[in-house]
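In what comes next, chain A is part of two complexes: it sits with chain B in the first one and with chain C in the second one.
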Partner chain A sequence: MMYDYFSSIVSGITAKLEEDPHGIHARKRYALAVAALGQRLYSENARIAWCGVTAPFDLLNSMGVTSCFVEFVGAMLASTETAELFMQEAEDAGYAADSCAYHRAVTGAMLKSAMPVPDFIIGTSSPCTAGLAVMENMAKQYRKDLFVLNVPQSESPAAVRFLALQIEEMAGFVAGHTGQALSKNRLGEALELTNEATVLIKEIYGLAKQKPSPVDSRFLNNFGVVITLFMGTREGVDICRAFRDELSHRIATSAMDPSQERIRLMWVQNRIQFPFPMESMLGDSGAKIVVDELNDVTWEPMDPDNPFESIARRILSIPFSRNVDSRVAHLQELAREYQIDGAINPCHWGCRQGTGVRGIISNGLREIGVPVLNLEIDCVDSRNLAKGQIQTRFEAFTEMIQG
Partner chain B sequence: MKNKILGFTCAYAPVPIIEAAGFQAFRVLPQGECPDQAGQLLHDNLCPHVKRVLDRALDNDLPGVSAMVFVNSCDSMRRVADAWRSARPGDQVMVLDLPSTNTPSSIDFLATEYERMARTFFTWNNLTFSRERVRERINVWNDLSQTLALLETKMGEAFYPGLAAEVQTVVNTAATDSVDAALAMAKAAVTKAWVPAGGHAPVFLFGNLLFDPKVFDLFERWNMHVTRLDFCTGSRFVSTVDLSQTDDPFAALARSYMTGPPCARTMDITRPGSIAQKIVERAGASNARAVMGFTLKFCDPYLARIPGIRQALQAAGLPFLMLEGDCTMGDIGQQQTRIEAFTEMLGV
Partner chain C sequence: MYFLGIDIGSLSCDAVLIDESKNVVASSVVPTGVRNLEAIARVTKDVLEQSGISEQDIASTISTGYGRTRVANRDGAVTEITCHAKGIQEAVPGTRILIDIGGQDSKAIHIGENGNVMDFAMNDKCAAGTGRFLEAMARALEVDILDLGELDRGAQSDLVLSSMCTVFAESEVVSLIANGTEQREIARGMNRAIASRTFSLVKRVAREIDGLTISMSGGVALNSGVVRALRESLKTDTIHIPERPDTIGALGAALIARERNA
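Right after this comes the complex of A and B.
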């Protein structure tokens, strides 16, 4: 059923793109790649790994494994308004209703046999150890082998060595399941592609910083997290190029209306994944999200001659792998670079990792003159959504910013 | 002269290292009457353990503590370590990286972390780093753990009123005062003439934190014979360190802590979900006829494993009662009816 669902999206978007073969259509190309990934995940013959968010997807892609972080499924279920059914299933089976809803939705999908059975599972302790528990449960349920990348919080030489060693061990674990050893050449090529894509991503973010910004509130929604799935592939480079080109085109044609960004906003952590009229709510007040916390490049280029260490350094550089001081410093840097007027933190319920320190994040941004709107939204579970209340708080917030 | 006090919040912070560096180890337990203030820095959806600990920090309810070690054990613990710097900027603070798995590379890494911890503490206290001193304190710790094991065996053999609370008092003494004092208490408890009683249902207890000795007296009043205190504030806290395999005390600590009875946050990836089976085995070994779990609200590591634990207990034919709360006496008191119904159902 899911295979057919993704296949129909793939053919629909492909047909649309064929109508205008020379158009840029960045979001469509991105949606096509995501649907094609869904199709591969649900096809019978792919080798599949369910992973944690910070798994090295370029390495896995170079080893011919169709891999994806499980939270992607949670987000997808929310976006198609089917998450509720699965969350209920998980809750009925005894999983805590106040845990992260990405995980609850995935757990329910697993219990209802709506997830493709993986060949193996790779957990990561970053961004959250809550995700590790889900991976362990999955390994038990599917009776599949589990590998875990423990991501230390520091970037000390010992921490880098430990993570690099685990990544090398992970490659051995994967090879043990696919029957194909890691090819240093193929990994080198994949890392070169990651570097090529990363240069483009930096250009995209560079363009997004301009005033007025060529992005609209949705343009880079979920981009930084989802694009990692396509790292190490030509497809990933092509998607990034399309995004870069579309922004350049918008700037060249002065496509953005400055009156639509009287207020430039930063979104903290994850976006709301179920259908929610965020853009229109913001647009009514002339406000626009120009940057997401998760849209940034914090790492140096990958070194194909030293692959495990450079991948380790990349994972360790992600602010969510580190302590809150690093996270606040990163948010402050983004706030300055994008010249934002305010920040919205949805405070995704159930996320101890990200939402846990919301007071410290608010203090850190207020320190540099950036007001923060802390909401109480479950970004995946819409069952308790108080839309009217959110609208009122948005309005009050934007009014306050406009003085 | 009294030793300086070094606070800790997680059972994976080895007390022998803290004491070897000349500190009094003080586990900051989530107790006391200080007002709820943690919400200034942390979200309400964190477990009451870390929120209460932060309340104590914000209320300055930590007499003499000038240094802290946090363990990167779960998301909530990471966050309280973050908040500490804002709450008590004057404290010396160290965060220890604790892997989630017990693979050989994780254990090797943890050994280097424990050595880093020891070197940091010796430096903080202006003492010369000494591996030998760490070994000495491990030996005393092991003496305590073996003495406590005698008391725990006794707990499983028959119902001795007051014994569970006594064991908990010994553990609390090791956690908040000194291992030497705890050892003296444990030895006295071993020689005490405990009088067995009948008519109580033998129940194995497990979970994250339950540390007030009065709670176990209450359970006894509610007809329960507590056969084991498998909490990170109970028997899991004082586990034996096997020094026979290596000369390196840090390697010994890392191996023993990662392969001993696990907290839910530590995984054996070769046997996913094996915590459930281990609980079944330990409950059986303690002669329990039933199992009661207690976990704090919002504790992802435990709550995510409860369905698996429930299944394993069901398969083993062990009745199971699961409680979730904030580990205050008031909260436990509200569970009286459920616990009494449970022990009654066991029909002793």
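Right after this comes the complex of A and C.
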């Protein structure tokens, strides 16, 4: 059923793109790639791995494994307004309704046998320990092997070596389950593609920084996190190029309306995943999101001759995986680079990263003169969000910024 | 020339009419009820009757509160945060921290020296500690809500209601009554619970409050027990309560209507 569902989306978007073969349509191409990934995950012949967010997807792609982080499922179910059914299943099975809804949704999907059964699971200890717990449960439920990458919280040479050795070991674990040894050549090619995509991603973010910014509030929504799934593939490069080209086109055609960005905002952590008129709510006040915390490149190009260490350095460079000081410093850097007027932190319910450091992030941004709107909302479970309450907070925040 | 502010809250609908010199010419407060359009019509009619002017004499109307988009003839809608900050500057000049506890939300607003909002924090997950909460507690204690404010007079205990969920807190009150706890001690415990939660909101917007003028608006400011508990909690001798704390939002809306029409 799910395979058919994704196939119909793939067909629909393909047909739309064929109507305008020379158009850029970055978001449509991105949606097509995501739907095609869903299709692959539910196809009978694919080798599937459920993973943590920071798993090395380029390495897995080079080994012919269709892989995806579990939170992607929670977000996808929310975006299609079907998450509630699965979250209810998890709650009925005893999971607390206050726990993270990304994980409640994926757990419910697993309990209702709506998830593709993986061949194996690659957990990561960072950034999210709740996600790791989901994967531990998944390993038990499906009786599949779990490999955990323990990610240190520093970039010291010892930490890089420690993680690089684990990644090499992981490649052996994957080969053991697929029966296909790691090809250094294929991995090298994949990392070259990752580098190609990364150059484009940097260009995308560089364009987004312009004032007025060519992005609208939704253009790069979830981009930084989801694009990692396509690293090491030609498809990933093509998506990035489409995003870069669309922004260049918007700038070249002066498609930006300065009145639509009287207030430039930064979104902290994840976006609201279910259909929610955030863009119009902010737009009514002339505000728009020009940067997301998770949209950044913090790593050096991959070295195909030294792949495991390169990948380790990349994982360790992600501020979200590290201590709160790194995260605050990164947010301050983004705030300055994008010249933002304010930041919105959704403080996603049940999320350690979202709620645990709320005060520290607020203080860090306020230190550099950036006001912060702290919400306490659920980005996946629409039952926990009151539209009117959010509207009032958005409006009050923009009124405050405008004085 | 007159300016009208209408604040459509969850419990009450308030209107304030001011003249060009910012004098309050008329005001009205009615229960919002389930038909807020009727409440809006009623407060508008009230202020027109009180002032003896016609609707055409109103140069500008600004609405605020959760029902702000329900006012058909508004010239603008502004959030209650901005309106309360504006209103309190007129009623209690120099206010830097405003605590507003209304029917279904409570907020702390840090106001800058220039009168602009610097930061605000609101209750997010539930209506605990708000007017609705007090209504439920008055019901559980079997007293009129207007008598709730003085109910804790003479209470000495350190009791604090452990649960701030309105439903659970009501159950807790019933249990305390069953265990023979005096009504005044329960009332004090309830006020301390509200103060504790409000204190946290205040600290979120201003880490240091020493020396800052603190004021309170919203209907709950009329509850002297809650105000006493807040003074204790904030370790301050004075929380300024304007003459009509329940109409500060509407006053602010009227002042903004006047400013925008200047």
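We take it that the second predicted complex is superposed on the first by the 402 of 403 C-alpha atoms of A that agree within 3 Å, B and C clash if a C-alpha of one lies under 4 Å from a C-alpha of the other, contacts with A are read in each partner's own complex, and residues count from 1 in each chain.
The criterion applied here is as follows: a contact is a pair of C-beta atoms (placed from the backbone, for glycine too) under 8 Å apart; a residue touches a chain by one contact, two chains touch by 3 or more.
Small disclaimer: the values here were computed from a predicted structure and weren't measured.
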After the chain A overlay, clash or fit between chain B and chain C? fit
Is A:Ala49 touching anything from chain B or chain C once the two structures are fitted on A? First, second, both or neither. neither
Touched partner set for A:Val225, first chain B, second chain C, both or neither: neither
Under the stated touch criterion, which partner chain does A:Ala159 make contact with: chain B (first), chain C (second), both, or neither? first
So in the superposed three-chain picture, is A:Ala93 touching just chain B, just chain C, both, or none of them (first/second/both/neither)? first
A:Ala133 contacts which: chain B (first), chain C (second), both, neither? first
Between chain B (first) and chain C (second), which does A:Met302 come into contact with in this model arrangement: first, second, both, or neither? neither
Is the number of chain A residues in contact higher for chain B or for chain C? B
Is A:Leu375 contacted by the first partner chain B, the second partner chain C, both or neither? second
Thinking of the overlay built on chain A, is A:Arg393 touched by chain B (first), by chain C (second), by both, or by neither? second
Smallest inter-chain Cα gap (chain B/chain C, superposed on A) in whole Å equals 6
Touching both chain C and chain B, counted on chain A across the two superposed complexes: 359
Residues of chain A touching chain B in their complex? 93-96, 98-100, 103, 123, 125, 128-130, 132-134, 136-137, 139-140, 146-148, 150, 152-154, 158-159, 162, 165-166, 169, 323-325, 347, 349-353, 355-360, 363
For the complex, which residues does chain C have touching chain A? 66, 78-82, 105, 116-122, 124-125, 204
Taking the complex as given, what residues does chain A use to touch chain C? 359, 371, 374-377, 388-389, 392-393, 395-396, 399-400, 403
Write out the stretch or stretches of chain B touching chain A in their complex. 39-43, 45-47, 72-76, 78-79, 81-83, 85-86, 95, 97, 99-101, 103, 105-106, 109, 112-113, 116, 264-265, 267, 269, 272-273, 297-298, 300-301, 303-308, 310
